[in-house]
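Next, two complexes with chain A in common: one pairs it with chain B, the other with chain C.
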Partner chain A sequence: MDFTLTQILHQLWIARIPIVQGLGVTMAAAALAIVAGSVLGVGVGLALTYGTRTLRWLTRAYTDFIRGTPVLVLVLASYYILGAAGVQLSPFQAGVLALAVFCSSHVGEIVRGALQAIPIGQIEAAKAIGLTFPQTFRYVLLPLAIRQVLPTWVNTAAEMVKASTLLSIIGVGDLLLASQEVISRTFMSLPFYFFAGFLYFTVNFAIEHFGRYVERKTQIPS
Partner chain B sequence: MASNILEIQNLHKRFGAVEVLKGIDCAMKQGDVVCVIGSSGSGKTTMLRCINMLEDFSEGTIRIDDQDIGYEIRNGVRRRKSEKEIARQRALTGMAFQQFNLFPHMTATENIMLGLVKVKNMHRDQAHAIAEKWLDRVGLLERRDYYPGQLSGGQQQRVAIARAIAMSPKLMLFDEVTSALDPELVNEVLLVIKDLAREGMTMLLVTHEMRFAFEVSSRVIFMNQGRIGEEGDPREMFLNPKTERLAEFLKSSTFN
Partner chain C sequence: MDYVLNFSVVWRSFDHLLGGLGLSLLLALGSILIGIVIGLVVSFALVSPSGIARRLAGLYVTVTRNTPLLVLVLFVYFALPDLGIRLGDIESFVATLAIYSGGYLAEVFRAGLLSVPKGLSEAGQAIGLKKMQIRLSIMMPIMFRNVLPALGSTVISLFKDTSLAAAIAVPELTFQARKINVESFRVVETWIVASLLYVCTCAVLAMIFRRVERHLAIPR
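Right after this comes the complex of A and B.
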């Protein structure tokens, strides 16, 4: 079916509210998953690097298992298996949980790599002035690690935005689902998929630029 | 007679089956400047690192300012103290490292302030004033806002020394602080240490700078294969070594 530009713009105008709402859900889901996943991921990275043998083994099993599982499977498991086990989560909550868990395993690995790359002399110098480990982490390791993980972390954040499209499978009204609903009503598949793609690109483009801005701002002068 | 600042008794350190320290006894009084010399692998650095618990030690006791460092005997069993207590005890000593180890994301001033604010719970203004005082003392006040990456090796080491000393430690430990420096930068660091020695700072230094050890120390310890091979007045030791091993070591060392 051929549509004129006027028809497309007209339908886009009519569908503006559900699409903006869908975009809002996508951004909220991705943002929550990134924040929760990153906080959890820092804990995972710490455990992988400085944990006792048992803790290291447990977190290693966790990251390997999660990273080896497709996000779609995690999303479905989080909704259906938790539901069957008596933990009733809304599709949105279940989706965010799955994304956050997935994000945490990736961030955990990134943080481990960054922490292990910090010279041991930094920890020794911090110890030598009497800092406790939590203080060393807060004032020495974390600021150095953050600078190292930033580029890869931005990448993971963008992946989370893209992975959030999978939440439409369990009925979360995200940007993709909102677009599909408009398409099923108007049959304008190409223009609306293209428009959705453009919005995803814009969000990720913004994340990437924000990442580069933070990278520039936190660069250590030398 | 003044009591000892540092007292080491029968210190042993093993890395698995290898015994690196085989029973060290040593004491230092307020204002002593003791240089530890010896060939690589003789245990000099390990001894220094045991004193501030950067290395756990296997046997013996280390006392600083009448406090048992790192371990306590409870019900006849030797136990490692809590991490918090060990962190507190580490602040009794200051340490300067071969690789400086300044925090690269902090300016010279911030490097010095961190311990004052977070360990000594000092107000930021007071910590700032102390940091500036010490930067001035090591001749780097005008570089106070520079990051380590913007400083030369010698300047970084001077900031690192200032960072350690600003914490007012009872004892300063120097671990081959000039070994990683270009030859022309060695002197600026040695001058700072000499200056501190003149002021009565109690210092234990591991060094390969023989002339410096000769000039600055009130006592020299020669370590050999995990034991104290010889100990005494620098003049006596450098000019009339009693053991053959020390004589050999001195012959192979450059004295400049």
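Right after this comes the complex of A and C.
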């Protein structure tokens, strides 16, 4: 099908509000998932590194299970299972929950990697001067680990923006679904899929560059 | 909550799930093999002295890594026919995942190429090997060994990405699971079995890669 540029721009102008709203839903879903997933993920990372044997085993099973499952399966499972279990969640809430769980397992692994890279002598030194574990974490581990974690963590954020497109499959009105609705009305699949892809690209490109900036800033000067 | 687990419905359709898993693996295999070829070419371009090649390759990597796979899948399947490029659902998905994985694999290979000591390719030059010979018989074998851990995790994550084929109704594992779910309403059972199948496959893939890694390790 051939459309003139004017027709395409005209349709884009008509659809501007749903598309901007869709972008807002995408950003909100990704942001909520990143925040909740990171908080949970730091806990998972701590449990993986310093937990008792049982706790370590449980969190290891959790992260391995989540990381072995595709995000789409997590999203669909969260949507259908919670509904069947009688927990009434909107598609948006179920989707964000799935993304947050996915994010937590990745952040957990990143945090574990960073904590394990810290020389044991640092922890021994903290113990020697009588710091409690929360104090050790706050004043010794966190400042060291955060430099390792931040650049990879920004990458995970970009992954979450990409994964948020999967929410359109369970009917969340994100940027992708908004674009698809325009397409089903106008049949202009080429320009509108391209436009949606371009918007996602722009958001992620910005995040990627922010990640490089963070990486430069957090490097230990040598 | 009085939900009683009953796996019998899922076991009855287990053949469909296994068939779906087989198709998932085939989709992954096909697209990753093409993706490795793309990735190799692009990674050599990324480290080449030519500015234009570097820039083009960089653009390819940036675009594929920063665009959601689902958007690419839908674009290739629904939008490209408007340009006269018509592909079946499986071909279209394999093509998309191959292009997408090319970007990720190129980054993996680039890191590997940079880890090959410069002296080795200089030694190749010194004994009169051609550029292509140096790439194929000196850089690639060493690079492949160095990148195996990263390659393994990329391959596993690409295998998981085949679940997106469900969005264009390719009857792979996720599609089959969703179908069983909708037909039987045995929601919990279906998704537990489906995700366990994915988890086990990923574990097996990881094990295979660790084996290969140990087998090919450069003795020190």
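In the analysis below, the second predicted complex is superposed on the first by the 222 of 222 C-alpha atoms of A that agree within 3 Å, B and C clash if a C-alpha of one lies under 4 Å from a C-alpha of the other, contacts with A are read in each partner's own complex, and residues count from 1 in each chain.
In this section, a contact is a pair of C-beta atoms (placed from the backbone, for glycine too) under 8 Å apart; a residue touches a chain by one contact, two chains touch by 3 or more.
If you're wondering where the values come from, they're calculated on a predicted model, not measured in any experiment.
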Now for A:157: first (chain B), second (chain C), both, or neither, which partner does it touch?
-> neither
Which partner does A:68 contact after superposing on A: first (chain B), second (chain C), both, neither?
-> second
Pick one for A:131: touches chain B only (first), chain C only (second), both, or neither.
-> first
Pick one for A:194: touches chain B only (first), chain C only (second), both, or neither.
-> second
Would you sort A:140 into first (chain B), second (chain C), both or neither based on which partner it touches?
-> first
Counting only touches as set out at the top, which of chain B and chain C does A:15 meet: first, second, both, neither?
-> neither
Between chain B (first) and chain C (second), which does A:81 come into contact with in this model arrangement: first, second, both, or neither?
-> second
When both partners are placed on the shared chain, which of chain B and chain C touches more of chain A = C
Note: overlapping chain A surface for chain B and chain C spans none
Across the complex, what residues on chain C touch chain A?
-> 1, 3, 62-63, 65-72, 74-75, 78-80, 82-83, 160-164, 166-167, 174, 177-178, 181, 185, 187-188, 191, 194-195, 198-203
Residues of chain A touching chain B in their complex?
-> 119, 121-122, 124-133, 135, 139-140, 143-144, 147, 220-222
Show which residues of chain A lie in contact with chain C when the two form their complex.
-> 1, 64-65, 67-74, 76-77, 80-81, 83-86, 158, 161-163, 165-166, 168-169, 176, 180, 183, 189-190, 193-194, 196-197, 200-201, 204-205, 208
Over in the complex, which chain B residues touch chain A? Could you list them?
-> 52-54, 83-84, 87-88, 90-91, 93-95, 97, 99, 101-105, 114-115, 118-119, 147, 149-150, 160, 163-164, 167
